[in-house]
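In the two assemblies presented below, chain A is common to both, partnered first by chain B and then by chain C.
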Partner chain A sequence: MGKKVLNVEDDADIRTFVSTIVEETGHIPILAKDGEEGMQKVRGERPDLIILDILMPKESGIKMYHELKSDPSLKNIPVVMLSGVSKRTFLRSQVALTEFGDETVPEPEAYLEKPVEPEDLSEILNKILS
Partner chain B sequence: MNMSKLLVIDDEEGIRRMLTLSLSSDGYEVLTAPGGEEGIELFKDESPPIVLTDIKMPGADGIEVLKRVKELDPDAEVIMITGHGDMDLAIEALKLDASDFLNKPIKDDALSVALKRAEQRIAIKQKLKSYTDDLENMVQIATEEVKRRSEFQNKLITTSNDAIIATDEKGTVVIYNQGAENIFRYPRSEIIRKVSIEYLYPPELVSQFAAGLEKGVQVELSEWREVPIVARDGEAVPTRFSGSILFAESEVVGSVGFFQDLREIKRLQEELIRSERLAATGQTVASLAHYIKNILNGLKGGTYVLNVALDRNNTDKIKDGWAMIERNVERISELVLDLLAYSKDRKPEPENCFPNEIMEEVCALMDGRAREHDIRIVRKPDPRIGEAFMDPRAIHRSLLNLVSNAIDACIFDSTTKKRWLVTVETAMEKDHMIRFQVADNGIGMDNRTKENLFSSPFSTKGERGTGLGLLVTEKVVRENGGVINVASELGKGTSFAIRLPYREAQNKANMGG
Partner chain C sequence: MKITTMLFVSEFEELWFDALQSLLGLRKAGLNHVVFLHVIQREKVAMRRGTGYLKQEERKLREIADIRFIDWAETLFEEGMEVGAHIAIGNVVPKILSVTEIERVDLIVTARLKKGKLGELFAGSETSDLLRRAVKPVLIYNYASVSGKVGEDPFERLLLAIDWSVSSEKVLDFVLALKGSVKRVEIIHVLSEKEIGKLSKMEAHKVERENKKRLDEVCDVFAKERFDARPHLYIGNTEEQIVRGAAEHRATMIVVGTKKSSVWKEKWSGSVSHALADRSELPLLVIPADA
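After this line comes the complex of A and B, so read on.
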């Protein structure tokens, strides 16, 4: 039985690409085009995994990740970051958020830099969801 | 010199004793000699300023003493003691510059008057001498000062890096320093006193200087200006020039010109421009490479989706994959068009077209993308605009870039929840101009962004932009004789206006096929 995988991504082409990989790996893709829509889908659909972009209009992946990991009911959903932004920069941005009094959040389950090969993403999905 | 020393020479001992007695009591130190020879020897040893000598003596007489003393010290005062009937000798002594005569028997008052006069003469001579010495000193000091100053000025002129060229009142070169040699390359030997300024100066300077020298008026050359000069080997040397007509008491005495070599400064400026251009090119290449890489990734992704769809025989997915490929092919062709438009000078290709229709085309092209992000494109065509003779491709390219930018400005406006609008407007303006206006209520621009807008490939969109769009737009508008203006406020939005000239649509019959 396939699991629900939410892809939060503003680029329509990448959404198509990622959802195809998710399907090919035997899971069910759910799509959102920014962080705001992403949080709605998280609450409504309760996905088993989230593939999250960083640079998006409205709510960015940085903020959405922090929100996910600070919410006790959501923080156990594994998150795979898929972004053009390097991991180092992303982690730094998370540390920066704690300087405003927010809690420290754990690192994401996996970090992939764009462009990603279908096999690499597929492999990570299998590893986390099996 | 000891003023109180006196030498008395007389062969009569009585007179010597009498004078010694009388003069000693007046405060003099009295030396005595019984004859001419002894007296002269004593004079050599003691150098008394005043000598009293008997005129008639055996051996060396008074005249002889006078001569010898005057030889030894022209300033010494010699008073002759004469007896009755020595007139001839006395006259001779006078010729030999004796100070005075005392007739025997010597009277005290006559003696003191004679001595007083002698002392006065000595004092005057000394004063005169000190004046003369002073004068000589002063002349020497003044001469040295003049020399020092002239040497200093000479050194200033010769060691100056600037070319200093001075002429006499006829325009003949009289000063031509090392700096001038460096700039003009003619050796000094060929120039000084051999040529006039026509030989060296550019014609416009020559005519100004010539007028100044001829009419005896100052010329307006004192403000530094850039003057290119031609060196001996034909090189055009950029210089900074200042010059002046020289006057001495309102009389023209010559001219002077100063030239600063600007080659090094120009070279540095050019180097700076080159390195800036190189850096900008590097930046452009880097951002282009990134942009192209993104397109390639899009194409690869599309190919993957298409392959999966073909394997699964999934028609919907075939459409998705194909759309991805198409979109990225479109992106790369847009990029190539931008690059071509930017790199090549393109002549406008006007033809009969409907500007409002082009505007509608562009809006329709962008509608999909706008809707995807909840942005509305509002069209406001001016109905007075009909068919016009303009370059439709230029209008299309420029509007497409501006509308695409306007949509991006709304997409990136992530902080506020507003109803995003992109308004595209055409308007007929006076002087045969049409205004195309694209306004958005998106993110707006800060001053730094505004400043860089048309100057270099510069993108605030990260990987999504090449930075070429506005450069191309500006160039296309300029090539078509138009102007582009921008108004923007951070957080409020941006408005671009393009004004392009148009002509009435041409009758097809007149267009010559």
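After this line comes the complex of A and C, so read on.
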């Protein structure tokens, strides 16, 4: 049976692209347009994997990732970052947030910089969800 | 009235990242979230005979904005700030107002907004439209030098123009909340030359003395909060004297309040804040009375 994959992404074209690949790999896509809606879907749907963009309205992927990994009930959900923001910046931003008093945040399961090839995304989905 | 979320509206041609960086001193006053907004003008992608809606052009313009925002956001993310972005198509003022509400913005930063000549004749500039409709403070960022370089923090030396109205009280409250981000405050009140001219010498002196006293009292409030505040009483045309005062005291920004009035009333009776927004060479911060 397919697993639930939440895609948090503000670009409608990329949401369609990711949904297609999720379905093609036999899983169920769930969509959110920003980090705020993403967190609501995480709590309501309990996805098996999250594919997360960074620069979005309302709440960024950086804040959402930090929230996920700081919540004991959500921190084990694997996250694949899919963004135009570089991995270096992502890691530095998490360190900057950590410096503000929180615990160290672990790295995501995978980090894909846009644009991503469909094969690369399916391979990562299969690897994490198998 | 704290500033935690700032909306930075950029057309890219008129407001650049250096302007944003010059405002990061506001972090001392609580700023921790920057939201970018780029509005693609509808006429750039609108339906045309023979070609239809320019979808490809829209994609290209969105991509350009996205790449620019990612570059700007990376710097801010690395400093531990929260960043968001909106890229929209349509009219700039309604989009600014809608994003302000969605993102619960405390301060709107924009360059002077332009409108076609015909539109300005009948409806005033986009900037005036924004000032009329915004319920949050608006910073009209003007590059003070011809080279376009921004050398200093606009919040460093403020010129506060006050007229003892409710909107002036809002201005004072707003600036008091910026403790830590502001180095010096020049507080100016302009007496009307026309009104003073109608009074006898004795009456004129009395009016001057009363206003000076009130200015001193305001400075005392700022001094208690550890601001370096100085009073200034000018006489003449309000808009001209504010600009002169800003130049004489080397202010980095002018701060004024604004009242709600209709387009036509404003057009024919004039509004100091709107006139300054269209003409001031310095950045101008306008605080609405209902902020």
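Throughout what follows, the second predicted complex is superposed on the first by the 130 of 130 C-alpha atoms of A that agree within 3 Å, B and C clash if a C-alpha of one lies under 4 Å from a C-alpha of the other, contacts with A are read in each partner's own complex, and residues count from 1 in each chain.
In this text, a contact is a pair of C-beta atoms (placed from the backbone, for glycine too) under 8 Å apart; a residue touches a chain by one contact, two chains touch by 3 or more.
Worth saying up front: this structure is predicted, and the values here are computed from it rather than measured.
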Partner chain(s) touched by A:Asn126 [first = chain B, second = chain C, both, neither]: neither
Touched partner set for A:Thr89, first chain B, second chain C, both or neither: second
Which of chain B and chain C A:Ser60 touches, first, second, both or neither: both
Partner chain in contact with A:Phe17 - chain B first, chain C second, else both or neither: first
First (chain B), second (chain C), both or neither touched by A:Leu97: second
First (chain B), second (chain C), both or neither touched by A:Gln40: neither
Where chain A meets both chain C and chain B, residue numbers: 55, 57-60, 84
Of chain A, residues touching chain B in the complex: 10, 12-14, 16-17, 20-21, 23-24, 33, 55, 57-60, 84, 114-115, 118
In the complex with chain C, residue positions of chain A that touch it: 34, 54-60, 62-63, 84-86, 89-90, 92-93, 96-97, 99-100
Parts of chain B lying in touch with chain A, wherever the complex brings them together: 293, 297-298, 300-302, 304-305, 308-309, 317, 320-321, 323-324, 327-328, 372-373, 411-414, 462-463
List of chain C residues in touch with chain A within their complex: 35, 66-67, 69-70, 73-74, 77-80, 82-86, 99, 102-103
